[in-house]
Structure formats: C-alpha cells, structure tokens
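Two complexes are shown next, each including chain A; its partner changes from chain B in the first to chain C in the second.
Entry: the complex of A and B
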C-alpha cells in the first residue's frame, strides 16, 4: 500500500513541497523527498536554503509557508532532491534584542542543530575559504548501515580497561606505517595492536564535528600553525568529524566510523565517546554565528540578566543544559549515537555544568542528569562524568549519580601522583584509592563502579613527562607558558627533560612501571592514556590542545625504543584480566569468606600492621581470592607491596593457608624480563616470610 | 555521467557491469535491476567495476542490498575496481563480505 500523504501539495518556484512531520528533527529521507524539521521558540519565520555541494552560493530559498509550522516547529518535505549532492541551511527571521537574549539575523545561513553530516571541513587542515557565506554545511545522511549481528558489548565497567586516544594523533605520525593515517580507518588498521595490548575499551576524544581552524594562529614561540586540535568545541552534536575520516571528502564519515565500531566490537573492544555538551564553537557575542545563536539564542545558551553569555566553561559560552528543549536535544543526541552508531558509552566533558540551572547555580537533582541516568535507550551505556567545571564546581564523590554515573576520579590521579614521587602523608589516602575510593563513593552505595581511575589523561602530562619534568613547558602554545595546569604533582627523577644519565632513565622507567601497576591493581575502572605504554612524550607540554604536530602525534618508533615498557604494560594488563579479585564491583568489607581471611587486609613492613603515619611511604595489601566478585569467582591470594621510599624496605609477608606459597608476579625493581611474569609463570620465592622491596618499587605476589 | 548498468545471469552466476558514477541518482535503477534476481538460484554475484569512476553512500547500499536480498550465502566479487573506489569499499567495511580482486576466473 502506498501512503496517501507522500505526494506534493504545494509548489514553490519549481519545487514540489508539502507539510512535513515535526519528528524526527533534522533532515530525514522519506518516500520521494527529504523531510526538514527545525524548531525555534522565538523565530517569526524560517526559510530553507539549498546549495549544490561545494557551491559558494545557494541555488534555492524556500520559505516555510505558515501552514507548515506546527507549534514552534517549521517542517516541510521537499520532493525530488538529489540528496547526496545538496547542502542545506536555514535563515530565520526574529527579534534582534540582545538584552532580551535574542540575536536573530536574517542575513545569516544557519546550520541545522540536528545535522547528521556536516560539510565544510571535509579534509583535516585544508585552508577554508574565509569568505564562505555558510562555512559549516548541513548535509542529508543515509543513516542505515549493515550492522549484521553487531551489538554493544555491555562489558561490566569494572572489567573494562579504557584506552583514551585522539583519533588523528593515534596514527597521524608517519611512523604509524598505515594506509590512512589520522583517521577512523587508521584506528581500524591498528586493531591488532590494540588487541595485543589487551585494552577492551577505546575512548575517543571528541569526534563530533568541530572546526580545527577555530582560533587558528601562528605560535610566536615556534612559528608553527596552532589549531583547535583536541576539538573540545562542537559545531554539531550529531555529526562525526568529516576530517577524521579518510572518506570525509566523499561525505562518508558516518559509514567509516560505524565500520570502525563494528570491527572494534568484533574484536572485543567497546567504544566510548568523549562528548562536549557544555558549550559550542560559537563563543561569546563576538564569536561566529554557526547555528544555535541564530536559531534560538535564548533557548540554547545561559545568559546573564543583561543578555551576555555566562562562561562556566572558559570557552565563551555555556550550553543551557537544563532548559527543557536543550535537555531534549542532548537526550536525542545520545540516543542517536547509542542507536545508530552502537556506541557503548559516553564520557561527559566538564559534566558538572550539566547540573547547573539556567542561571548557573548548581542544582540538587539536575533533571538532565536524572533523565540520562534512567533513560531506557541509554540503559546499558556507560555514563562517565568529568565531575568538575571551569566555574569552580568540583563534584568528585558528590556528582548526582542515581547510582548510575561513574566519574573520572581526579583524587585517584592526584593521590597516586603524590605517593609515586615520595610525598609524605599519603598512605591513608592510597588505602582508599587502591580499593575503589570508598571514602568518596560508599556513602551513595555506588561501589567501585563509580570510580574511573587514571593517572594521566589527554589533559596534562603524559606518563613519561610526569616522570621527566617538574614543571610544564607550554611555550609552544604561544601563551607565555601561562596555560595548562600548574599543580602537576610531577617529578623529573633528577634532571629536567631528556637525560643522558642512565640512572635517571632507569628510575623513570621504573616509576612508570610503578604507576601503571598501581593503576591496574586498583579496584575501579583503569584508564590508560594512549602512548603511555610506549613512553610517549610531549616535551613537557601539559596542554597540547593546539599542537597538531609531532608534539601530540604518537611516534610509533617508541615501540622499539621502549619495548621493555610496552611489554610491561601488556603483562600487567594480562595480570588484571587474569585476576577477578582486582575487579570487584562492590567495596570491600561486606563479604565473609570461609577461609577466614578478610576480603582485603592492610600490611606494611610488618604483616597485619600498616603504618599510615606521615613519614611512612610503605604500604601493602592482601586480597583474599576466595568468593570474589560477589561470590561468583575464585582467585588466588594477591599481595601488593608498595615502597615509595628511596631506600629498600623488608616487607614481612602475611601467612598463607597451608599448602599455598608466595610467587612473584611483578617486581618493578628488577630489569626485564624479571620485572613481570605472565599468568601461570610466576616465580616461587625462596624466603616465604619476608620480601625485600627495592627503593621506589612495587612488588606483586600471588599465593597459589 | 550517469551509470550504465548491465545485468546478466547464467548458471547461478550473476554478472553486473558498472560504469560511471554509482550514486543516489543511478543507484535506484541498479537496485530495480537487481531485484529481478531475487528468487533465482544465484551462487555467485560478480560486480565488474573497471569503468566505475565513483561510488557514493547510496551506491554502497545497493551492493549491500544485493548481498542481503539475493542470497546471503552467495559469494560476492568486486572486480577491477579503481583504487579510489576500492578504498571507499574497504573503509566502509564492505571488504568483509566480498572478495575484491583485479580479475575474475570463471
């Protein structure tokens, strides 16, 4: 049966049109044509503007007849469009009254907030035509895909090992040796590498369409072109960045990304997107008008009583997340990525902003966060908050979660860094961090699933730089080294930057092994920064957001140079995967075990006694392997000794049940290959009562 | 240039000769031709692409349609494609179900 509402009812200058459907918003293929739908609470009229692909000027302007408006939604079907070869935008007529929050400008061509493909930056770094009347162009997307039997993996978050990467930076360096460097297809080519490393969750830094030329300038320090490389500045929320796709020049970025996700899933890896709902690329009143400002400024942005932009993001504007309309857009967006891209989870940049009301005040029960926590379509997606914002709201441990949200545990990062470099007074804090930070999360009964543990992330030093620099070195960013964090808790191990001293280099290597061991034996979800496993350096730059060059790109030659490090990472990842006791979803203390040992016990240089006094830098813990993971699994006993003192310490070992003996799984004080042993090949130790733990060293034993 | 397409079918082997552009303009025509093969005992589906200049998203979908609707078990071959075309197929994941090769031995 053919529907009786799929034929044109009106004509306008040669175009066949009819009233459309308001839902779904955006441009949707329907029989015979394209359904366009866009809402604005304050526009008086709206016009559809059509371009032939890449043409400088539009070829058609079609006003939405007033009878095509349903409520505040303008909707129209245009028939017989060559949908693969057009670009579309809107012009809106309405009040220009900034004090009242309105900034309508009929002259501007506006991008569809629901655009699922965006042209204009099709190939990364291609100099744009700065006179373009419509620089970021909405396109119609064929959003079907041959998923076959693909399904998000739904790996329990405590079993996940996240690997955070920048799409371009991961393979752009010539040493990546692949066919399509710097793209989604490039990541696909590196799946065997990722599989070999053992990570099972890939977190991509922003992949929504952004403008790498935003604030583009030459560095006064180096003369190099600086770009918006990281991309924490959305042009559109529904479209993947074309410049991250080798097929972007053909407009096929969606297919390429979907194919990557399908292949990752086939290889047992989840895909998590870093999403930026706190601001847009339109900046403040001096920024460009791309879309939202011209469509419904007052709806999309938090405005001061005078109509200026609140800036809780440090980026000029703040998205009005708890306005019901914007809230729905965010929900539509996440549902779209979960449904159409099979994305496994989201990490929310500066998520505390999502909990501010329309005047910027923190809310007790933010409706947006609650909506996302309970949404049925997102029901199995990981929701991970960066639980702070640039307006001073810091919510690690108190982010409104409804038991559903996980957090980037910033306290884990800070405490482990301080402990690692031998600061005093950290033993008590480390006891919390190692067991999933119950001090932060237990009061909400959130268990270890609340804590995404990390020591390094894209924002800050790489792990190699953390042990090579006391201070940041951001001169190349062109801001007189004034940008980037100052409280890095880093230590250069005896000389700033690259060193010719073998002792310094040996210590750095050991400190990295210490760090990753602490990360991987901690309860919660570990996150590794891409490249740390091969000693990636950014030359001390701790804020490389604008460095689209060798500073940021992963140099794959490091795999050879730092093979020992890479091997260690692989093995410690295998260790975590082999030991369910490290991946409890509950905090300890609830699980009585028949063998009489507590599920976790604390030790030090003496067994069954832990010195948490300020000058103590030694700590050990014992995990009872019986009935772990809520009684669903059994494991060996695991004992981890951490000596962050600069001198060797003897650790008295707790006694094992009869018949079991201690074996070394890892000892960072030993040179490779004695530093770590694959599961099953751990080495029995001679003295079963005491272990000498080297200076600044971590030892992992198993009782079997 | 619009795509010219010929479809022939003999002995369980369907041959499709593509040329020009396979895009949203030409894809529906090819899809109609391929629909005629539904229900026939096709074991091999061979796309000859030596003269295919360009394939768009819509074009890819016709090939996927052929795999899904004519015979999921059929072997699909894509023969003689130019580099640009073959790259697009690979990056979109079509290389996982069809054999992309320079020539085809019958």
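Entry: the complex of A and C
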C-alpha cells in the first residue's frame, strides 16, 4: 500500500521536493527519491548542491525551504534523482566569527558528515584536480547487501590472536602475487595465508575515507613522494576508503569490504577496525574546509576561549567527542559499522581524547565512553582503547572501562622489550605482564580481558627492526629524523642494520622467537604486527606513516628468506590455540586446585623460588592445567623458562604429579626443526629435574 | 540499454545490451520479472552489456532470488572479464551460474531442469 506522504509537495526549478525526515541523518533512498538530512545548530540557512558524477561544476542548487527545517535539522526529499550518478553537498550560511567559534563560509561546498560513500579519491594515488570546488564528494550508497547467514563471530577476546595490518601495505608489493594488490579484495585473496598462519582477528588500520594527498610532499632525503599513507586523519567516518577497493572506481567499495568481512567470518576470522575519532583531516584554522568546520565548527571541535583549535592530537584539531551531538554521531557511526558491515570490534586511536570534556579536561566518567560500554547494538563488539593521547594523558590501567573496554597494554610492550634485551630489574614487571597485568587491571576486577598485549604495532619498529637497530632511522620522512619515538627499547644484537655476521643474524632470529613466545604464552589478548612473522623490515624507520613504497609494503619474498621464522610463528600460534590454560579470562587467584598446585606458580633457576632481584634475568612459571578457564577446560601442565641473561642457566624443574613427565614444546636456543614441536609431538626430556636454558632463550615444557 | 527476448528450446533467452545501471535497471527488471513463473528456465545474455553498476548487480540478485523462490533455473552468459571480476570481488558472483556463451548456458539450464 502506498503511503500518502510520499508525493512531492513543492517544486523548485524543475525539482519535485517535499519535507523530509530528520532521521536518519545523511542521504537515504526513499520511495521515489532521496531523503537528505543534515544538522547545524548555528547555520541560518542551507542549500543542497547537486553534481553529476565527476563533473567539475554543480548542476543544481536547491535551498531547503525554512518550513522544511525541523529544529536544527535541514531535511528534504528530492524526487526522481539518478541516485547512482550524482554527488551531493551542502552550502551553509551563518556567522563568520572565529572568536565565537563560527567559521561559516557560503562559498564552500561541504561534505555530509554522514556520507556513506565518498568520491574524489576513487583510485589510490591518482593526482587530484587541485582546483576542484568540491574535492571529497558525498554519494548516495546502496547499502543493502546479501549477508546470507553471516553473523559476527563473538570469539571471546582472550581467545583472539589479533593481526594488525595496513590494507594497502599488506598486498601492494608486486611479490604478493595476487590479482588486486593493495585492496580489500587483495586481503580476501590472502585469506588462505592468514588461515594457515592461524590468526583469528584481523585489525585493519584506518579504512574510513581519508586523503592520501593530505600534506603530500617530496622527501628532501630521498626525493620520493611522501603521502598520508596510514590514514589516521578522517575525511568521513561512515564511508570506507574508496582507494582501498579495487572496485572503488565503480563506487562499489562498500560491497567489496562487506564481502571481505563475510569471507573472513566464513574462515573463522573476526574483523576489527581502527577508528580515529580524535580529530579530522580539516586541521587547524589554516587547513581545508571539507565538512565539519563549515557545518558547525563550534559543535564539532574543541575550541579555546579565543576560538582557536585545541590540539590534543598533534594533528591540528580535536573532535569535540563529549559534545552530545558529536557523541551521538560517533555512536551512530559505530552502530552503522557493527550493523551494516558486521564488524566484530573497534580499536580506538588516541582513545583518551574520548574522555576529555569540551574544554579538554579529563573526565571521571566520560559520557561517550559510558555510552559505548553500555550500548545494546555494540553489546558484543570488542572495544579496545589506545589509552593515551598526544596531550599527555596516559591511562593504561586506568582507562574508564565499566568492565567493557580493553586497552592496548603499552606497559606490556615496554617491559617485554626491556627484558628481551637483557635490561636489569625487569623480573618483577614480567611476572605481571605474563599473567595479564593484574597490577594494572585487577583493582577494577577487569580480568585478563582488559589487556591487549603487543610488542610491536604500526607505531614504532617492526619486530625485525627492534632486534636490528638501536635507534630510529627516519630520515626518509623528511624531518631530519626528528619524528617518531625515541624510547624504542631496542637492541641491534651487535651491529646497526643489516648484518653479514651469521652470529648476529642467528641471535636476531632467536630474539624474535623469544619475543613472540613471550607474547603468545602471556595471559590477555596477543596482537601481532603483520609481517613480523616473516621478518619484515622498514630499514629502521619507526614512523612510516608517509611511506607508500617498499619501506612499508610487505615483501612476500621474505616468506622464503625467513621460512624458519614463519614456521615458528605458525607453531607458537598453534601452541596457544591448543592450550586453554594460556587463555584464562580471569586473573589467577591463589587457590590451589584439587591436585594441590596453584593455578600459577613462579620459579627461576631454583624450583618454587623466583629471584626478582635487580640483576636477575631468569624467570619461570608453571601453569596448572587442571580446571582452567573458570573450570570449563582441562589442559596439560605448562612450564615456561625465560633466560634473558647472555649466559646459559640451569633451571631446576618443579616436580609433576605421579605419572606425568616433562616434554619440550619449544626451545628457542635450538635451530629448526628442534626449536618447536607441534602439539602431540613434544619431545620427552631425559633429565626430568633440570633443564639447561641457553643464553637469551625461552623454553616451553608441557607436563603430560 | 536494449532488451530482447527470444525463446530457444523452451528457454527464454534475454539479451541486455548497453549499460545496466540505476537508470536502466528498472526497465530491465520490468522486462525480466514477467518471465519468472513456476519452474521457468531463463538465460541472461550479457555479451553485449558493457557495464553493470551497483544497482545493476542488485537487480540481477533480485532476479536470482525470485527465480529460486519459484524453482526456476537460470544462468548468465557472456560476461566480460571485468564485470565478472567485479562480481567476484563484491560477492555477487556466488549467487550466479555464469558461462562463456549462450549455448553453454542453455546446455547447463536444460541439464539441471530436463
């Protein structure tokens, strides 16, 4: 039956129009037309601007009649539009009074903050027309998709093994050997590889539409073009980056990404999005006006009393996250990705900003974070905070969580790196990191689920570079090596950069195995940086945000070169998946099980005694496999010995219950294939009372 | 866009020439839907179709669903490599049986539904 309110009521220069619905915001297909709806508290009037796709100039301007405004929302249905072949924007008229926070400019054509598809950067790296009056163009998206029976996987977070990747970097290198390098479709082609590796959570660095040409320039050091390659700078929050889709030139990026997610789910892998709600690509008062600044500057941005932009992000502006309107936009956005894209979780970049009030002060109970923690639609989504910001707020262990939020555990990264290179005084800290950092999270009863453990991430060195460089080498970024972190806690193993010394290379290989073993036997959720499993190097660049070239792209030839390393990664991932005792959701208590062993016990070179003095670099722990995971599973006994001293150490082994014996599952001091054994093929050891752990080595035993 | 319909061995062969997009998709839909009846057999010949847009793909999927609901048999013939590739990447390919030529598509449709 036809509704009686779906016919035009007005005409404007040949266009049939009627008052629209304010919700949902954005452009929505309705019977016979498109419903446009945009919010502005301070605009006096608004005009819809229509372009034919790719045309330089608009073909129509349709003012929203004042009687079509509902509250502060301009809304209108325009009938008979060729929705697939138009681009739309808005022009807003209002005060230009920067001291009061207003920067309206009627000359600017503004992108819809709720645009679900954005044109203008359809093919990655295609030189834009710099005279374009409307460079980032909102488009109407057909957002239906046949998901069949797909559903987010809802894997418990402690069972996830996250793999952080850059969409383009993962397959752009010619050696990837696939049909559509550098795209969502490219990742789909590599699903068998990911499955073989064994990871079950893919975390994509930002995929919201951004401008790879933002601040693009030539590197004074190398002459290469520097781009905004990472994309931590949103143009639009609701639209996938067209340039990451092989079908972006046809405007089908949403379908391509959805298909990737559907296929990942079919293969048992979750998808987590890295979302950047702390700032936008508009920069400060000298930056471009793309959308928010011209639509309602005072609402969208945190402003100083003089009307300048607070810069808690290091990127020129700060999104006004705890303004009720912006808060709702963020909620709408996350709900949209969870609902329409079946996304399994989100990692929030510089999430501490989301806990600042409108003047920038940290809040005790930030409404946005609370809203997200309790939102019913996001109820099963992983929420992972990068619990710090560029304004000096550091909240690892204290991020407002309501028991829902997990954190990138920066302390894990720092302590493991220091311990790995043999720094003194780390044994006590390592005891915390290995058991899910109760020192950080137990006071709020957050359990191990609060801790996303990592040693490397996109920020900083790759794992190979961590063991190959003492200092960063960012000259190619064109800032005289001044950018990027200085506190890398890295060690080059005896010579800066690539080495011809076999002893150095052997030690590097072992150090990487040590690192990934520590990561994967720790309680909490491990995260691996894509490429670390094949020894990816960035030549010592620890801040490759602008390097759209071989520095960043994953060179798949490394799979052959570092086959031993890749095999080790696969096996240690397999080991973690085979052992539920490594994946507890609670912090360990002191309760003894029926078999008399505590759930975790600490050892060293002596059994049942752990030397945590400053000069100690040896530590071992024993996990009791009985009644693990809250009594839902049984496992073997697992004993892990960590010797980060440069000399071999004998570790006295704790005695097992009658009938069980110790078997080696992994020993990083041994060359392949004796370095790690598949579950069921662990090698029984001769001396059941003591194990010699090599210099800078990790040994994993199981008692069965 | 032009649509032609012929009957070959009891199978409707629908040829679409030109672009299948938001402006032409409704016409294609109007042309094809009346052919869908219980147990019908249909071949869609896209060998003269140069472009299938997002809206075009959705019309094809809708036809597939309607045919399935009526136990109809169908196949698509003559897709260009580019269109086929786009269908693959966006997930639409899994809903269609595609063949190089009309003859092959006819044979397949007749085989599955004697």
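We take it that the second predicted complex is superposed on the first by the 701 of 704 C-alpha atoms of A that agree within 3 Å, B and C clash if a C-alpha of one lies under 4 Å from a C-alpha of the other, contacts with A are read in each partner's own complex, and residues count from 1 in each chain.
The working rule: a residue touches a chain if its C-beta (ideal position, glycine included) is under 8 Å from a C-beta of that chain, and two chains touch if they have at least 3 such contacts.
Bear in mind that the values here come from a model prediction, so they are computed numbers and not experimental data.
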item	value
Chain C versus chain B on the shared chain A, clash or fit after superposition	clash
Partner chain in contact with A:306 - chain B first, chain C second, else both or neither	neither
Which superposed partner A:262 touches (first chain B, second chain C, both, neither)	both
Partner chain in contact with A:83 - chain B first, chain C second, else both or neither	both
Which superposed partner A:127 touches (first chain B, second chain C, both, neither)	neither
First, second, both or neither for A:185, with chain B first and chain C second	both
Contacts of A:615 with chain B and chain C, given as first, second, both or neither	neither
First (chain B), second (chain C), both or neither touched by A:658	neither
Partner chain in contact with A:252 - chain B first, chain C second, else both or neither	both
Chain B/chain C common contact set on chain A	82-85, 142, 144, 146, 180, 184-185, 188, 245-247, 250-252, 255-256, 258-259, 262-263
Residues of chain B that touch chain A when the two form their complex	23-25, 56-58, 60-61, 64, 67-68, 87-88, 90-93
For the chain A and chain B complex, residues of the former touching the latter	82-85, 141-142, 144, 146, 180, 183-185, 188, 245-247, 250-252, 255-256, 258-259, 262-263
Partner chain A, residues of chain C touching it in the complex	21-23, 53-55, 57-58, 61, 85-86, 88-92, 95
Residue ranges of chain A in contact with chain C within the complex	82-85, 142, 144-146, 179-180, 184-185, 188, 245-247, 250-252, 255-256, 258-259, 262-263
